[in-house]
Amino acid sequence: MRGALVSAGTALVLAGMLAIPLYLMAGLLPWSGLPADAWSRLAVIFAGTLRAGACAVLVAVPLGVATAMFTAHFCASRLRAWIKPSLEMLEAVPTVVFGLIATTTIAPWLATHVATVLALLVVVPALLLTGGMALGQRVQSYGWLPFWLLPLIVAVVATGAALGAQHDAIAIVPESPWNAVLVGLALGFASMPLVFSVAEDALFLVPRTHTQAAFALGATRWQALVSVLLPAAGSGLMAAALLGLSRCLGETMIVLMASGNTPIAGFDPLAGLRSISADLALGMPEAAAASEPYRSLLLAALLLLVLTLALNCLAEAVRERLRRRMHAVAGA
Amino acid sequence: MHADVALRTESLCLWYGARQVLHEISLSIPALRITALVGPSGCGKSSLLRCLNRLNDEIADSRTTGRIRIGEIDAHAKDTLVHDLRRRVGIVFQRPNPFPLSIHDNVAYGLRLLGIRRRSELDDRVEAALKAVALWNEVVSRLDESALDLSIGQQQRLVVARAIAVEPDILMLDEPGSALDPVSTLRFEELLHELARRHTIVLVTHNMQQAARVSDFTAFLHQGRLVEFGATDALFTNPRERQTEDFITGRYG
Amino acid sequence: MGRREGDGKIWLLAGATATGLGVLLCLIGWLAIAGLGAFWPLSVTEMQLRNGSALLGEIVFEDSGVIALRTSEIDRIGVAYRRVPRIDIVSQSQPADAITVVLDDGRRLFGRESTTSAARVFALASRPALEREVQHVNALDRLARMRLFFGNVGRFLATPPTASNLDGGVLPALIDTVVLVLLMSMIVMPLGIATAIHLHEQRSRSTRFVRSAITTLAGIPSIVYGVLGLGLFVHGVGGSIDQWFYADRLPVPTFATGGLLWASLTLALLTVPVVVVSVEEGLARIPAGLRDGSLALGATREETLWRLLLPAARPALLTGLVLAIARAAGAVAPMMLVGVVKLAPTLPIDGDFPFLHPSRQFMHLGFGIYDAALASSDAIRGVPRAYACAALLVAVVVALNLSAILLRHRLRERYRALEY
């Protein structure tokens, strides 16, 4: 009796989940009666989705993967016990909050400081690299390094912003204060924790005996990371990037609030855009059921679904392969 | 004890957090001989082994006092680079742990770390190392296949080849027999004798027969203390300490 | 000898880690400042302008060139802002006898007691309203302002908004969000637990399919769930219900429009994977010995499951619930398609039979942020209001997540002793 209930519950869940693609396709049948401009319009918002997603991925993936590499391999275990829940917390912050901060606080500032941001993107990593090469020898352990670097980075960014504010002439004028760069920053930071947690899982899944063996052969920590850990967990990092991309393409609130929602084609990262998800959020409540605009919105939703589903399936397949391989290694 | 000393510890103590694992271990490992570390499980044999090439550094909260001298080098001196030290003291773990790379790349791993890039030199030294562990004939046709496809016995010899490819002074083995079947174990013991011609070998084992069969010297550890150390024949036939006798006659452990 | 570590590169990785943590700290700090700052009582400033006139009001914005002042809102809320170039200002002062009359529709009127009385200031209002309170902000010391500040916070949490949605509190949005999430929990928990048990107990090809279906579908954008909710639930199921049961009211829709029921169903679909994953993980973490011990005593699989495993996994069930609630509370986009409104006239629960009205439209804290920030008629009031909502929402979500982390920790500790 209870067993039947359990099966019924599972079936219901499965039916609910499968209803999504089935409904979208059935809603579009027959494949006619779309407004004439449906396809060209879809192309524009699809391009907008890709432009915003690309900018966000450029922020989320390097940051997330680098953080995962540090946390899994270099970090003191007590600091690691703080970093993981902290980033989980960042992941839990509703995206509407990121959207709010992006559109009300960052957008007006970014409109006059694009050049400062670009300069900081170059200066901060360069400073870290040179600082590490100059001072790294004196630092015995890397375990707590982020703890010391945090105030340093904040200071550099603050000075950079102050310097940028002093120069009245605006070096780069964005086409719109709401643009792909703004979306990229906000969405990138919002999806960075997802990339981090998937990548960190993959790196941590590599048996410790691997790194131990590398150390025993005289590898430095960095060499052990590059020569053993990264090849072994490579597919997991790939999955992290794919999931991050999927998340960036489908996220709604940040894009809705920070992109300007103007359907502009092209590749200018400083121009406004309109994404599929924002288009759905804005258009769907107003479209009458089964009307022409409604159907073209369904078409857009189907495209978004297929896109993210494909990315997720790919990521899942890659992760499954990694899991099986690691299982074979650990169980040998 | 007439042979040269390859490795010497002086009053070595090890703590994990507040728990002391090793107490005042002073031990001189003779060069180009096989020394067995025996004792009941949990006596600190493996911890001692990991101390000797400072793999314990990787464990949070671990702390050592005392000295370790490897040849003329003080292992804990400020100017000693850990990874250089570790290359002179190879270690093979209980379970074979080949990297998920090809057979060739597994053996070449340490050589590449040394900065050897020339393909011909790499190939030569890989071949030499694989021949030294009597694996060459079995894998010569599939050097580019994954090392994970080898049998356990082959994997164990592969990780030994990986360790000796960088020509360490000392080779340490942590219970190398425990993952092998009896036949593979015997073959492996023969291999150890071969290796002892060029390397000082430290062997951790819980198997008394194995220690008696293979080693020249034996150290008996109990509860983190060195109870007795001497030539294997003498220690097994005529132990000085009561605890040693109890252990080798199988009264506990 | 003496190769060096890849120092610079390690610093880069550490820098990325520091950046992530820095973003979190900045975000929380800025939310606290901007969110709570919205409640701080502003001083009343008097300006003498170069053309001889004087202005009385609250400074709401200033930069190097201009000062923006909110003056008495005689007619409507949010229309009495004055941007004054700094060069036009002769002098600025904060007279101690200044009074602020706050009306119950949120309008603020300013005056000076030495020249006029509170009653006369109140009489200035061209559109009738009730007086809520008279404040003497300039005369207050820090402690008294603090009291005023906490009063403002309390009113924000415990009162409904004014008709303009620019002032007053967020209590209805809070209640609606809670009811929505509770309804969702009642739907998602049985389904999620059943699926997790199925996955845990049955090991066959079909469970592998179910599992990968759930993990892949978990990554579908939430807006797509919203499209499904609108198309399938609202138009499809809701439309049929209306035709069968409420045909006399058509064409006015009853269930064929966005409402609480459809929203909670949509959220339930969205959060099923979260519940399944965490319950299954909890079941898997129970040591095999426990289960074998029960089976060895002659219990059937089913008895073992209900008597032993499920009670033992209770913290995992709770974790799943908490994470699902946290996820649902932040899912704003799908709600925009299934019936969220900026100002709902009625609550979904009241004293009228059947007490819970699942077809009613509802307000939502997260949607309130979007609406106040972008669609408000008075941005100077709307943006701080959005930040206040955001601080509240993040506080709730962070608290939920913290408790989930603690729960998971407790579960892990409890069974550590049994692991070998």
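Labels for the chains are A, B and C, by order of writing; each one numbers its residues from 1.
Here is the rule we go by: contacts are C-beta pairs under 8 Å (C-beta built on N, C-alpha and C of every residue); 3 or more make two chains touch, one makes a residue touch a chain.
All values reported here derive from a predicted model rather than from experimental measurement.
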Using mean Cα positions as chain centres, tell me which chain lies farthest from subunit B. C
Return the chain label for which the distance between chain Cα mean and whole-protein Cα mean is smallest. A
Provide the C-alpha centroid distance between subunit B and subunit C, rounded to the nearest whole angstrom. 60
Subunit A to subunit B, mean C-alpha position gap in Å, rounds to 45
Distance in whole angstrom between the CA centres of subunit A and subunit C is 23
Two or more partner chains touched - positions in subunit B: 83-84
Note: subunit A residues in touch with at least two other chains are 220, 223
For subunit C, jot down the residues that touch at least 2 other chains. 3
Quick check: in the complex, which residue numbers of subunit B touch subunit A? 53, 55, 58, 60, 83-87, 90-91, 93, 95-97, 99-101, 109-110, 112-114, 148, 152, 155, 159, 162-163, 166
Touching residues of subunit A toward subunit B in the complex: what are they? 76-78, 207, 209-220, 223, 227-228, 231-232, 325, 328-329, 332
Note which residues of subunit C are touching subunit A in the complex, please. 3-25, 27, 30-31, 34, 190-195, 197-199, 201, 210, 212-217, 219-228, 230-232, 235-236, 239, 258, 269, 272, 276, 302, 306, 326-327, 329-333, 336-337, 366-367, 369-370, 373-374, 383, 386-387, 390, 393-394, 397-398, 400-402, 405
With touch defined as at the start, can you tell me which subunit A residues reach subunit C in the complex? 2-3, 5-10, 12-14, 16-20, 23-24, 27, 62-64, 66-67, 69-71, 74-75, 83, 85-90, 92-101, 103-105, 124-125, 128-133, 135-137, 139, 142, 145-147, 149-150, 152-154, 189, 192-193, 196, 220-223, 226, 243, 246-247, 249-253, 256-257, 277, 280-281, 284-285, 289-290, 297-298, 301, 304-305, 308-309, 311-313, 315-316, 320
